[in-house]
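Common to both upcoming complexes is subunit A, partnered first by subunit B, then by subunit C.
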Partner chain A sequence: MSRVVVTGLGVLAPNGNGTDDYWSNTLAGKSGIAPISLYDASRYPCTLAGEVPGFDAEVRVPGKLRAQTDHMTHLALAATEAALADAQADPAAFGEYEMGVVTANSSGGTVFGQRELEKLWSKGPEHVGAYMAVAWFYAATTGQISIRHKMRGPCGVLVAEQAGGLDAIGHAVRQVRREGLRLIVTGGTDASLSPAGLTAQLTTGLLSHRSDPHRAYLPFDRAAAGYVPGQGGAVLLLEDYGSAVKRGAPRLYGEIAGYAAGFDPGSRHVLPRVIVKALTAAGAGPDDVDVVFADALGDFAADRQEARALRELFGPRGVPVTAPKTMTGRLYAGGGPLDVASALLAIRDQVIPPTVNVADPVPGDELDLVLGEPRPAPVRTALVVARGFGGFCTAIVVRALP
Partner chain B sequence: MSTFTLENLKEIMQSCADQDSNPVDLSRNFLDVPFKELDFDSLAVLEIATRVQQEIGVRISDDAVAEMTTPQAVLDYVNRESVA
Partner chain C sequence: MSGRRARIPVVTGMGVVAPGGLGIGPFWDLMSNGRTATRRVTLFDPEGFRCQVAAECDFDPVALGLTPQEVRRMDRVAQMAVVASREALADSGLVLDDVPPDRVAVAIGNAVGNTIMMEQEYAVVSDGGRKWLTDWEYAVPYSYNYMVPSSLAAEIAVGVGAEGPVSVVSTGCTSGLDAVGYAARLIEEGSADVVVCGAADAPISPITMACFDALRATTPNNSDPGHACRPFDRQRDGIVLGEGAAVFVMEEREHARRRMAAERAVLLGYAGRANAYHMTGLKEDGRELSVAIDTALADAGVDVSQVDYINAHGSGTRQNDRHETAAVKRSFRHRAREVPMSSVKSMIGHSLGAIGAIEVAASILAIEHDLVPPTANLEHADPECDLDYVPNTARETPVDVVLSVGSGFGGFQTAVVLGAGEAVPA
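On to the complex of A and B.
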């Protein structure tokens, strides 16, 4: 089976505009969680979020395309440009059918959608823009990346809330192998920070209602009270290993070595199985794993389920566990890809990024949480776990190249 | 009702076009050039029709939009409907 490697990263996260910015802030423990600035959130129960700082769509996205797409797609288009530049990959140098696009999406284009729906009920149907027909769809981002870069091979979108981003990467790997692609754009970005986007999520009861950015999202902590939402994510460029070496790709961050997914609304039994399956697919065992990037929902019951699965598989305090998403909030479809990017950077720099703000971990969890400070450590194999609302559960194993 | 002129249409077309990488050349005689050749896809034509509706208050049916294959066809439709 051919090796599929990551050759380019494009990161747009609440604590970092660009991969280098994100990584240095993450290692420094700098959080991007703050009061919502995009709209007046003072009368809503959720007032905090992670917004991508200093992202100017007018500079990063061409005019016509900007008007035709939602902010989630603006972020993805810019992240794709960054990933292509990082990999020094010019799409024109590839065959159009040798390239594909598989992204994940969770919320759809809620900012665009809300704006046009407001026109619908306040002014009438003739005032709704034509691009409402495509801009708020889950598949809009994949479609626009495909059109922009003439990537005409297999394209698709995965929708599984926070698990979807890892599912997209898993499917992208499958498409490279099955269709013999040379290059595929994958990952995801979400941007549901609008009144409609967040109100739709209130019924889950999982959003944190706290107003102190340092106390709002505390996974594995006794004071856990839900999670803070964020926008952004990461786009990854995947290539067939042989093809990447042949064209002289400047960086091989690592390989996507194993992937597995399961579904169980109870989520109690599926998580350990999915992790074992992903490790088996990578030809690895628990002893090989140097770090776990946890799902870290911040919900008491869900945190205990994840802690138990990790404790049973790796033993008490058997593996370093971290959740840099405590600095970004949960990014939905963008969350898994951002964790995979972090895992690859951890492998590059031999350092585990920290979990912030968690001060009082639940003792019975017996997790070796990397708290407050980054931890230098040999990192060769990383496990990334993500769960999506409703029962989605996915794991990916990322590994350094030999 | 104000009349809908060639200049109005040009303005709308410019705002629907990609000014950065693919500006529309509306200096030459473009009225009978099919939208497709001007790099306006079907959604872009629908967007033009939507903007025209908003500006002059003339209702344009979906069937009528489908027949608007050139800028001239848009002008003809609007002028016909405005008179009626």
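On to the complex of A and C.
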């Protein structure tokens, strides 16, 4: 089976506008979680979120396209440009059918959608804009990236709430292998922070109601009380290894070595099995894993379930575990891809980014959490875990190239 | 034809919820008689909308066996998907207790999520659109299920006890075909032995109708609802929205054989391409759709001379039907006029993400019955659409291999090749 490598990263996260900005802030433990600025959240139980700082869609996305798309797509278009630039990949140098796009999405263009729903309900159907249909739906981002870069090969869109971002990457790898693509844009960005969007999210009971940004999202902590939502994510450029080497790609961050997905209706054995399947697909075992980027939901039961899975597979304190998403909040379909980007940067720099704010880990978990400070360590193989609302579980193994 | 593949995906069960026909029997009765199920919208009052016609299902979830809690928890789209999945499982005879749960996957196509409940919830928390800052206290407990389409796949996964890969495939109007193709890949590569796959959409709500009004994609002709969708007709003037679900039990062939299950069909080939042109516009030449068709046929190891029926996208817009005709001509060349090609959307409308799966169901039934469903309402020949569209009356003809195509927003173009199932070896 051909090796599929990551050659470009485009990151837009609440603690970093751009990959370098994100990574330096992450290693410095700087969080992007803050009071919501997009609207007056003071009357809501959830007042904090991770918003991408200084992201100016007016600069990053051309005018007409900007008006026709939701913020989730603005972020993806900008992140795609960044990933292509990072990889020094010019789409015009590839065959049009040798390139594809697979992104994940969780709930559509929430802000755009609420605005158009408001027009419909307050003024009438003739006031709904012509772009609602193509800005709001889950396939908007994949379609717009395909159009902008003339990528005419197989495309896809997967939705599995917060696990979907890893599913998109897994499917992108499949597309390279099965359909013979040379290059594929994958990952995801989400921006579900509208009043109506957050109103729906509140009903899960999983959002943190705390107003102190340092105490709001504390996965694996005894004081865990839910999570903070965020916007952004990461776009990854994947290439067939042979093709990337041949064209002289400037950087091979690593390979997507294994992927597996499963669904957990509430049992305890699905998550460990998904991780084992991902490792097996990578031709690796638990001993090969140098770091785990945990899902780290911040919910008591879900944290115990994940800790148990990691303890069973790796032994008590058997592997470093981290959750840099404590600095970004949970980015829905963008969260998994951002963790994969972080894992690749950890491999590049041989350092594990920290989990912040967690001060009192649940002792029974017996996790080796990387707390507070980054930890220099040999990192060759990383495991990324993601779960989505309702029971979705996904794992990806990324590995340094030999 | 698919001998080069080690693991062959076969369909062993199916279930359909479609306008004018709940269940496989009534659905095929409608198809084979060329009846139409389009009518004036009843799900809400369409007064004031440009298009006031749709193809609705007479769908009573309670009568179809859903419990009161299931009805509360699920949007209409999930209810339809669950009903279709139950029919599919019963049809397959598969006892899921006999299959390791992690070998069972779910792949459900969907374009616009839980639109009806999402909009109703929006209306309540915004107090009818009066408040940008919504009143969160008014949200019902299942609001988030209505916001994320993944809840649809989760409902089916819980229902069948799937612990393998579960996802919603959401590529707009090609979602149904892409979900079936995605499922086939899961089986071929060995990620699952059984995939409950298909698609569902229930978009007949004010917001979706308003969206299509704004695009001028739906028909403005409300005077004769029963004949509102006229694919390939010179006087065609747009889509008629539909709703529904089709779900299949797809199995790895040897898995099906071990339990002596009958194969309803074989998924021979699948391919998708993008036109990278426009989110809603189509180039006249049909080039990318033609490439998708060529690639799917090659994937299937099928020559154009072996295709007995083309199940068209045939949405009934001026540009689609021209685009699709051009694509078929590019791929089939001198054979283009010889292969019967029809659009079932003329009868049951365009149910967005669901329709691709419903069209796969129609294609499988066409193979089983050696009968090509017609394009209804085709009265006036269009010089730009000059293929054999099987006007108005179903046609008896041997059907072993079907090509089903889809085209949709985002520029996605998909082709699926289905073949007759093999008899269970004695």
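FYI, the second predicted complex is superposed on the first by the 401 of 402 C-alpha atoms of A that agree within 3 Å, B and C clash if a C-alpha of one lies under 4 Å from a C-alpha of the other, contacts with A are read in each partner's own complex, and residues count from 1 in each chain.
In this section, a contact is a pair of C-beta atoms (placed from the backbone, for glycine too) under 8 Å apart; a residue touches a chain by one contact, two chains touch by 3 or more.
Computed from a predicted model, the values in this text were never measured in an experiment.
Asks: Can A:64 be said to touch subunit B (first), subunit C (second), both, or neither?
Replies: Touch partner of A:64: subunit B, not subunit C.
Asks: Considering only the touch criterion stated at the top, classify A:128 as touching first (subunit B), second (subunit C), both, or neither.
Replies: both
Asks: Looking at the overlay, does A:143 come into contact with subunit B only (first), subunit C only (second), both, or neither?
Replies: It touches subunit C, and subunit B stays clear.
Asks: Tell me which partner A:264 touches in the superposition: subunit B (first), subunit C (second), both or neither.
Replies: Once the two structures are laid over each other on A, A:264 reaches subunit C alone.
Asks: State whether A:359 touches subunit B only (first), subunit C only (second), both chains, or neither.
Replies: After superposing on A, A:359 lies clear of both subunit B and subunit C.
Asks: For A:44, using the defined touch cut-off, is the partner it touches subunit B, subunit C, both, or neither? Pick first, second, both or neither.
Replies: A:44 contacts subunit C only, not subunit B.
Asks: Between subunit B and subunit C, which makes contact with more of the residues in subunit A?
Replies: Counted on subunit A, the partner with more touching residues turns out to be C.
Asks: Which subunit A residues are contacted by subunit C in one complex and by subunit B in the other?
Replies: Shared contact residues on subunit A (touching subunit B in one complex, subunit C in the other): 68, 126, 128-130, 133-134.
Asks: Contact residues on subunit B for subunit A in the complex?
Replies: Result: residues 16-22, 43-44, 46-47, 49-50, 53-54, 59 of subunit B touch subunit A.
Asks: For subunit C, which residues count as touching subunit A in their complex?
Replies: 48-50, 102, 106, 110-113, 119, 121-123, 125-126, 128-130, 132-136, 139-151, 153-154, 157-158, 161-172, 175, 178, 182, 185, 189, 191, 206-207, 209-215, 217, 271-280, 288, 291, 409-412
Asks: Within the complex, which stretch of subunit A touches subunit B?
Replies: Answer in residue numbers: 62-65, 68, 126-131, 133-134.
Asks: Residues of subunit A touching subunit C in their complex?
Replies: On the subunit A side, the touching residues are 39-40, 43-45, 68, 96-97, 100-101, 105-108, 114, 116-126, 128-130, 132-134, 137-140, 142-144, 146-147, 149-161, 164, 167, 171, 174, 178-179, 195-204, 260-265, 267, 270, 273, 388-392.
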